[in-house]
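One chain, chain A, appears in both complexes that follow, with chain B as partner in the first and chain C in the second.
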Partner chain A sequence: MVNHKGYIVLFLLPTIILFALVYAVSMVILFGTSFTEWSTGLKPVFVGFSNYTRMLFEDTSFKEGFWNTALWVLLQSTLHVLIGVVFAVILNMREFYWKFARTVFMFPNIISGAAVGMLFLCMLNPDFGVVNSFIRLFGNSDYAQNWFMDYATAFLSVTMTWLPYAAVVTILILAEIAAIPDSLFESARIDGASEIKINLFIIIPMLRNIIGTCVILAGTSMLQKMDIIMMTTGGGPGNTTMNLPMYIYKTAFMDNDFGYSNSIGVFLICFGIVFVLLIRYLFRIGSQ
Partner chain B sequence: MRKVFYKSGGTIASALMLTTLVMSISACGSNQAANNSTTPTNSPVASSKSDNHSADQAPVKIKYLTYRVGTHASAKLEAEQIRQFNEKYGKEVEVQVEEIPSDSAYEDKIKILAASGDIPDVVMGKNGINDILIKGNLATPFNDYLDKDPEWKSEIGEEAIAANTRDGKVWSISDQKQNIGYFYNKEMFEKAGIQPAQTWDEFMSNNEKLKAAGFVPLALMTGENAWTTNLILASIVGTSGEAGNKFMNTLHPVDFNTPEMIDALDKVKTMLQQDTTKDALGAGYANVANNFCQGKAAIIANGPWMIGDFSDTTKCAAGFDQKVGVSAFPGNGMISSYEVGYMIGAKTPETRDAAEKFIRFKTGLEGQRIALELGNVMPVSDQVQPSEEFKQKYPLFVESIEVSNQSKIHYSAFDSIVYPNVTDAWKLWYPELVFNKSTAEEFAKKLSDIAAKNK
Partner chain C sequence: MKIALSICRYLFVFLIILLSLGPFLWVLMASFKTNSEILSNSLSWPASLRVSNYIKAFEIAPLSRFYANSVIVGVFGTFLNLLILGMSAYVLARFQFRGKKLLMVVLSLSLLIPGTAMLQPLYLTVNTLGLYDRLIGLIIVYAGFGLPVSLYILSSYFLTIPKEIEESAYLDGAGFIRTFFKIILPISKPGFSTAAVLQFLLCWNEFQFVMILTSGNQNRTLPLALYYFKSQFASDYGVMFAATMVVIVPSILVYILLQRQVISGLAAGAVKG
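Let's look at the complex of A and B:
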């Protein structure tokens, strides 16, 4: 038996070094400085848990940002994944349009977030935006809904810039469906199962692991979402579309309070870890 | 034999791949002293030690970040200043220019670099950057340089120097003076039968007359830094009396809950609700400039740098510059202040001297002349006057100087006096005012709370 352990360690070493230098060291510094008062140009001063008590008990903007983030994680990990799964199952039927539909559905995911934000900013402009212009065709020539700045529509408008575009989920699900042995489908058809029953009772149950993975990917993507929010609403109106990444940016660069923003960063990391562990437990990812 | 061959071949291949991986990591971290490098280069100490200036040796390298690139209104003047500096002093100083795509990206980058203590050699101290550098002991005052160069001192002027002096130290050198009133569409005013207002009541009444004539009165914006809206807000406060004028001339106010501020917010709330374009809420500068240039609004508050746009057919209709007039704000007030300008962030004597040379060129008479001719920027010195050709091309600029000379009440813009987080807060909280979710008093209190976060 040839011993490959040496080679395994050797080839993993660069990755480990990179991870340690870029991520691990940064996380240790992040955690350490979350207990300090630290502004640009000044040395960090240890202040104990005051950043955390302020965050959890005093800061209403943090609470609004947290609930928005939690809601987006919930929506993205349920509706977004559901859209992707349904689309994948439909595409799997290989109707005549399936390649075209797969390509077109991919477009929003290959454009950068900043470009998507700019696109929606123009499309939803109250004056010349295509959405309002289209609505005006149906009679109301004065229609000028401010989709991003009206409290009633801001959250929904921002959400719609990413929720329906589940091409990555679709691609992953399609790949997993392709790995299901054809013999299972043949057996089911011989037994008289309809296509719907095959989808519901064979395909989808066998996608448990990949759906769980997609839920994790979709949910955790909301813990990093900042580009589109910055391009469109900036977190406003008020804190209606503020999320934790955006709030971390504002606390660090606008309030010049790096210590406090790092404590929010630690909270965000913990939130992400809890979410991943919960989804792994619910979907029993990795178990047969 | 084959097994041995494959085993040793595999070992060699593995070693080669591993070496490549490790080298790629170390290459990522190596210093790249290219002109367009996006990562900070070697520390100035190391570079200056290897580039000690003498007539026979390489020029001193200084790092300079600029956001005045691309479509920025000051891109041409920036490029010309750098070009002329390189022509004149290129053998002594090499300016390594890094282009940053926007003002906000520039501010963020400088703040990140300041947090690690590695700022560029020349820094524009706008929007709170000067506070950060001064507090962090990252900037070098200009006092010694100015004392040794009385000619430069006179080219800048005592007022401009005083505007950027704190505790006797001159931390930055201003590159331009802001003289801001508002531009109006003369045709629309004529059809509405109005003249530029002398009082704020008349201003509000003029808005009604413009609407009655079928025009949208104001090009306002609440996005980005709510620039055009806040110029009007500042003017209402600044012309309201002694207390309001003092408020608008005080650096870093923390209490916005004043009668002048509340009255001004109430007026601006009305303007945002009734007297502006449909996209004002959330609009950025590009939207609002376009609204005025395309004849969708009658009035825009802005500075003289916009004058060049009126004759630019890529931005405004042909002949639009003939339709534009300029006026002081009601109460004969104008925003008049000196920009923060340039700071020395260099760490060694050689790079400090080189940075000073670069800043001296940009802010001296030559640099001011370039800024005026190519950027319509008001010079800080009275010694710089527009050429006859410039006056012919931009008569509106001449008119704006006359209006500025006649104005009696002066104050600063909000961007010049408030903390950066207050500048950032307008876009989030103006909708609260407009949608009646906050009163003017509550809005003022919120601004005070945000200002109080600064340490």
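Let's look at the complex of A and C:
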């Protein structure tokens, strides 16, 4: 074939530059300055591991942010994925509503997180929100729960803005089920297996790989959730809905504590990598 | 037993549809109401389909400015991403060269980095390049965010195109660049449209980076409008609802019109993770 060497380089170069600009440079700044004390307008000063020791042993806000993040990762990679898988299995029966339900389920996933936050802010408004209005309808006419601002309900309210919306999981599972050869079901039916048994013993085990992938996607999405929290609670009340992304934002752009913020960024990346490796191991992703 | 299971199933489906569609429909309904209608009974139908809330929303906040910015960032962010990644995905799918494996591993590292970890570093980079508070800064950053997904979708598509097509083009005397733009690109439309829809939605919906990379109202996009005018709208709930609808409806329209691309894109993009 003709020698295309020059063109190969030319075609790769823009991507390499883009990668360097957005990811590589960011990683160098992130890791490098995580060992420094650094604020607006000042030069970073090397302080060794002190940001990390402060983060891990002294900072209670970090601790709260970490546990909230971990709990959300756990909920998202279990309950959320479960909802998505169950819904996919139901839709796969192809009853009359399945296309409509699949389309509608996707709505909250396709719109901006800021808009989802706004929708829930309105729905859970203590005065005119539909949830409180509905509760008032059944008796308690003075009911005025402030869902997002009450210590007891804030975490639950924020969780509800993403936990049920597992349309991406459903779509991935549906695609995978469609790829299972029909002959498998037919022989099971001939052997007299019921629909439930077919689902439990044939379909679900064949989905191990893709469910593992969904767990990874759903879990790691919780490492970037900021828009909805920003719109609804801002991490409060207190630190009840503070997560690591919000805390990174707060330390960097409100406290101007850049070095410290970046050490939390490093922690967040490591958290993500450990999570991905753990799930890959648990689900034996890649092996048959 | 069988009946009980069916009831559970329908209940579950009903609940899911209610949770997905309910918030959207309720806010849509409320966006046509007056303030007193909303406060007196938030469950009622609007008295009439009045659009005054929408007009007012555009008056209170520079929504049309934000809208224009969102469209510009969405269109150019998608175009830049597809152009750059189309080129590299083609080369990576088609040719063997030294360092190819390494390059692919390095590029896929971008999947392991949560965007929020890069908040301050990217702020610094964008600032240093003099792109702070400029749409071009957002366009470049978003083109970068879509790098792993677009690369994967496009290179898998290129792999399905038979090599003979280019070989005959070369025999006819067409050069490398001409072959790529005149022959490969047109037949790769399905791959590009899948990647484009996902990339456009990314640009349209992104929130945290537009927040830190812009200031003032000149260069902000729609998701930020909701955040910054939350308090301005707060005295007039109907207007707040209308503004929310204005942000939501384009995403839903794009999705309904291009559902096939969104679904196949999600399926293709996720297999990688």
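Heads up, the rule we're going with is that the second predicted complex is superposed on the first by the 270 of 288 C-alpha atoms of A that agree within 3 Å, B and C clash if a C-alpha of one lies under 4 Å from a C-alpha of the other, contacts with A are read in each partner's own complex, and residues count from 1 in each chain.
FYI, a contact is a pair of C-beta atoms (placed from the backbone, for glycine too) under 8 Å apart; a residue touches a chain by one contact, two chains touch by 3 or more.
Bear in mind that the values here come from a model prediction, so they are computed numbers and not experimental data.
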Checklist entry - Since both structures carry chain A, what do chain B and chain C do when superposed there: clash or fit? => result clash
Checklist entry - When the two structures are overlaid on chain A, which partner does A:G238 contact: first (chain B), second (chain C), both, or neither? => result first
Checklist entry - A:F148 contacts which: chain B (first), chain C (second), both, neither? => result first
Next on the checklist: Contacts for A:S39 in the overlay, against chain B (first) and chain C (second): which applies, first, second, both or neither?
Outcome noted: first
Item to check | Per-residue touch tally on chain A - higher for chain B or for chain C | outcome: C
Next on the checklist: With both complexes overlaid on chain A, does A:D127 touch chain B (first), chain C (second), both or neither?
Outcome noted: both
Checklist entry - Touching A:L56 in the superposition: chain B (first), chain C (second), both, neither? => result neither
Item to check | Partner chain in contact with A:F253 - chain B first, chain C second, else both or neither | outcome: both
Checklist entry - What is the contact status of A:G113 with respect to chain B (first) and chain C (second): first, second, both, or neither? => result second
Checklist entry - Of the two partner chains, chain B (first) and chain C (second), which one does A:F19 touch, if any: first, second, both, or neither? => result second
Checklist entry - So, does A:M206 touch the first partner chain B, the second partner chain C, both, or neither? => result neither
Checklist entry - Which of the stretches 26-34, 44-52, 152-160 or 170-178 of chain C runs into chain B once the two complexes are superposed on chain A? => result 170-178
Checklist entry - What residues on chain A does chain C touch that chain B touches too? => result 7, 11, 14, 18, 127-128, 253, 258
Checklist entry - Which positions of chain A touch chain B when the two form their complex? => result 7, 10-11, 13-14, 17-18, 37, 39-42, 125-128, 144, 146, 148-151, 233-239, 250, 253-258
Checklist entry - Okay, in this complex, where on chain B does chain A touch? => result 14, 17-18, 21-22, 25, 107-108, 111, 114-115, 117, 128, 132-133, 135-138, 222-223, 277-279, 281-282, 287, 420-421, 424, 427-429, 431-432, 435, 437, 453-455
Checklist entry - Once bound in the complex, which stretches of chain C touch chain A? => result 5, 9, 12-13, 16-17, 19-24, 26-27, 30, 38-39, 41-43, 83-85, 87-88, 90-92, 95, 97, 103, 106-107, 109-110, 112-125, 140-141, 143-145, 147, 151, 167, 170, 176-177, 180, 201, 204-208, 211-212, 222-224, 226-227, 230, 237, 240-241, 244, 247-248, 251-252, 254-256, 259, 262-263, 266-267, 270-271, 273
Checklist entry - In the complex of these two chains, what residues of chain A are touching chain C? => result 1-2, 4-5, 7-8, 11-12, 14-16, 18-19, 21-23, 25-27, 29-30, 83, 86-87, 90, 97, 100-101, 103-108, 110-115, 117-123, 127-130, 133-134, 137, 164-165, 167-168, 171-172, 175, 196, 213-214, 216-217, 220, 223-224, 226-227, 230-231, 244-245, 248-249, 252-253, 258, 261-262, 265-266, 268-269, 272-273, 276
